[in-house]
Amino acid sequence: MRKRVQRRPFDTFKYILRKVILLLLAVIVAFPLLYMFSSSFFSPKDFNNLRLFTVTPRWSNYAKALGHGYFGSFIFNSIGTSVLAALIRTCVVVLAAFAFTHLRFKGKNLILGALVLTLFVPQEAILYQNYKTVATLGMLNTWAGIIATSLFSAAQMLLLMGSFVSHGMQAYDAARIDGASDIRYIWDVLLPLSGPAVLTVMIQTLITTFNNYLWPLLVTNRPRSRTIQVGITMLGFSESGETGAQMAALVMVTVPFLVIMALAKKRIETALISK
Amino acid sequence: MRKLTLIFIIIAMAITAPLFAAGGKEKAETAKVTIWHSAQGANATVFEEIAQTFNDTIGKDKGIEIEAIYQGKANDVLTSVNAASGTGNLPDIAMMDATAATDMNHSQYLVTVDKLGIDTSDILACGISSYTSENGLLALPFNASALLYYYNKTLYDSLGVNPPKTLDDMVEVMKKTGTKDRAAFAGVPATFELTTLIGAQNGLSYMLNNRNGHDGAATEVLFGKEGTYKTFLEKWKAVYDTGFYSPITSGVTAEFTSGRCAAMLASSSNLASVINSVSGEFEVGVAKVPMVNEKATGGTVISGGALFSFTDSPAVKTVLEYMISPDVQAKWSEATGYVPVSTKAYETEAYKAFLEKNPQYKVAIESLLDSNPGLANVWVPSAYSVYYSFQSNIADVLNGKDIDAAVSDMVAIVEGAIASYSAQNN
Amino acid sequence: MKNASNLIHRTKPYLFVAPAVLLAALFCWFPALKGFLESFLTVNQAGKVLGFAGLGNYRILFSDKAFLSSLKITGLFIVLFVPANTFLTLLAASLTRRKSRHSSVPEYIFFSPVAISLSAYSLLFKELFRGKSSVINRILGLNSGWITEPAGAMVTVVILGVFLDFGIDYILLMCAFRSTDRNVIEAARMDGAGGWRLFFDMELPLIRETVLVTVFLALKDAILISAPIIILTEGGPFRSTETIMFYYYVEAFKSGNRAVQNSLASLVLSLAACAMAVYNIRRRRQP
């Protein structure tokens, strides 16, 4: 930066060009989000006139969205299922990753190989068979059904295994000599040591489960059990010309995640940036 | 350690809680009747009102409660019903349209109207025949509708043109009503429109054999060898060649209500919401569908939704009887534009007065009464897919594909759907 | 007593991996295997096996024009989406690869798509690109029909796809840039390398691995795209955005065509397995 004084005119031009491209790209990326906020105050006329913002905000859009009989339960189901999935998946993956990295047992490589095999199977290709299984188990319209297929991830297990191995075995051997149980060791030593990796697993699961659309669409057919991602496409506001209320609903769904994202960004970066 | 155990217990409880909640809520005293429906927007509000009225009156007396659940468009209801079949999650009643008939005709879970023992003597005859298969009356007609020609009456009047009677007329009208910024007509026909545009030809034409699949599954495609589809395509190409035709497949109503296109074909069930959306910007006119040519005298096929039931219980019977009662039918019709299926509804003073005030609503009724009662919806497997195939096929022709080649393509597609279905379901 | 504790000790590892194995078996191995086996059987709509079909189901699949067209459309989507996505996320990441006083604002903006869900973006795009009279046309001064025209609908789906993957790809690439060893780059700079050359010859190759990951993620998303299409275009207009997985969704859940559903699922499975194998072999070859 100190060198800026010595810049030749061509460098200055390149510098400005870069800033202009950056600005343009930022505006484009932010545009749908900004439009969502702005149009959540629109009247039907504003939408017809293709406005970008309005000076006469219609707060009633928010009242209308909140007044939708099931909006509350959509949100509740979404938060409930994604938090639950994140917790359970983290437990499942931590336990498995620990066993594969710290314990010795017969058939270890075989089991590990079989689990890694799941990476090769896209969920989309087994959609119907999984639907049948969940239906047979009587889990349609339940949280269990919504999260059933997202409770294990081989990719995340491998991620944690990498992190666990990197801390070495000395701490584990010491803990064993002290007579601490494996669970105790995981809870007190391993998890704090692998904080960023575990957090990444949780946040990833939280976001993917929350954003899931197709699976919850298939396994729920009662409004009380639907998640917000399915619910917001079924509010019926657009069909009756109330696009503003639709946008208000989108805003209310998005804002909490913008906050989480802003708070988690630093930590995700720490987990991803290796020095 | 204890903390971890606690977390596990909380998780276990949280998973099972909704499980129990779903199963344990049914109260013994009130019989709950769930209806999956596809009424959107304003129609949804009315439908829920109708359900609420039942719950507050008859339902209260007899201990029955209707739960109306929106499942998306008519076809999404079928998707949900198919998915729920055999899982114990079927609703008691589902509102679906003709596209559901093939699957429902084969469904082991369907309870026919005959089995429920509902008196249907007051129901429109064409409505009954449109849902009758070799297995009896599959579903109770609930909302009848007819395809209509919607036009911008203010514009037509100012130009001194009348809605067209044939597609040749339509071409002439379009030349007058179209401009650079305004399409004279928008929308691409699909199965629904074609049942009328093909069905009315030569007095009465079927697209498939066995009365379009009603008297036993269709085994043969007729619209190809009888030349009816070809006749339609030739006329439609002329429509396209005016240069004022907008071949869009979604958002047609929005184009019409905002005045960006002067006419469209749509179901009479949209009448109320179209008038609502136009909100007085111009006068909405409706007319009978223009016929393919002078020899096409069959009229318009009845369409609309019917109530399919999956539970054989007195409560379901009571609800269904309520749904087709004259008062409910009149109220539903006034609010939506659907034609009442109960002939008694026409006799109520309220409905007569309503028609007097809103003459547009009469067109659909007259259109249905003037039609050949033999006209029937097409019952074809993979209906959703066939629907989109028709639109693509028509688009191919508009883009210059040879008409004969297009016809044989389309015949092959429908034959393929029929063959594939019968191989898997016999 | 000792025996019992020994038993616990020996079964403990299995208890630890049991939940993972159970879930993988129930929701991955079993359904994949079942689908694969059923692709050689005739199964009716209700799921009852009627007989052996041999390759009959695959023959039905490949004789369906809608399937062949969905292959072409998915191919087109990949060709448009993967380069666009890679280029734009790489551009954003490279523009913000060095931390500076004002870089956090664009960083948040580029990361923000992570917080906006698939259905929210799809619904937003449905409004923004709704047709001739749309906000996008007004801003850009265009007269495109967007989702009402085949070409426009494809472009809209591609743009939507880029937005959906933008946040996560950006953060991966940006962090990869910042993970590279500054000393190496500074040394190159001292040697007189600068600007474009420094970027293309030094910095980009250093994060090759991450770029490859994002390209593979993009490729996977492109092959499997269905949900945005269900909300945005329903495969239309004129089946112009009907991708393989949208076609699968229609046949499996709307038409109940088990022949097509099982054979297509098995095909996608094999394809995914091949892609993963290629990827892993490539990775292993690299030092």
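Per-chain numbering from 1; labels A, B and C assigned in written order.
We take it that contacts are C-beta pairs under 8 Å (C-beta built on N, C-alpha and C of every residue); 3 or more make two chains touch, one makes a residue touch a chain.
Quick caveat: nothing in here was measured; it's all calculated off a predicted structure.
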Building nodes from the protein chains and edges from chain pairs that touch, which of line, ring, star, complete or other describes the result?
complete
Check A-B against B-C and say which one is joined by more contacting C-beta pairs.
B-C
Please tell me the distance, in whole Å, between the geometric centres of chain A and chain C computed from their C-alpha atoms.
15
Chain A and chain B: spacing of chain centres that average the CA atoms, whole Å:
38
Whole-Å distance, chain B centre to chain C centre, using C-alpha means?
36
Sequence positions of chain B contacting 2 or more other chains
83, 86, 258
At least two partner chains per residue is the criterion; list those residues in chain C.
47, 133, 253
By the touch rule stated above, which residues of chain A touch at least two different other chains?
91, 218
Please name which positions on chain B make contact with chain A in the complex.
1, 3-4, 7-8, 11, 14-16, 18-19, 22, 36, 40-42, 44-45, 69-72, 80, 83-84, 86-89, 91, 258, 273, 276-277
Interfacial residue positions of chain C with respect to chain B in the complex:
42-47, 50, 60, 63-66, 130-133, 145, 147-149, 233-239, 242, 250-251, 253-260
With touch defined as at the start, can you tell me which chain C residues reach chain A in the complex?
10, 12-14, 16-17, 19-21, 23-24, 26-32, 34-35, 47, 88, 91-92, 95-96, 100, 105-128, 133-135, 138-139, 163, 166, 171-172, 175-176, 178-179, 195, 220, 224, 226-227, 230-231, 245, 248-249, 252-253, 261, 265-266, 268-269, 272-273, 276
Where on chain A is chain C touching in the complex?
1, 14, 18, 21-22, 25-26, 29-30, 32-33, 35-36, 39, 47, 50, 52, 91-93, 95-96, 98-100, 103-105, 108, 111, 114-115, 117-122, 124-130, 132-133, 148-149, 151-152, 154, 157, 182, 207, 210-211, 213-214, 218, 229-230, 232-233, 238, 243, 246-247, 250, 253-254, 257-258, 260-262, 265, 268-269, 272-275
What residues of chain B sit close enough to touch chain C in their complex?
75, 78-79, 82-83, 85-86, 103, 106, 108, 188, 248-251, 254-255, 258, 260, 381-385, 388-389, 391-392, 395, 409, 413, 416-417, 420-421, 423-425
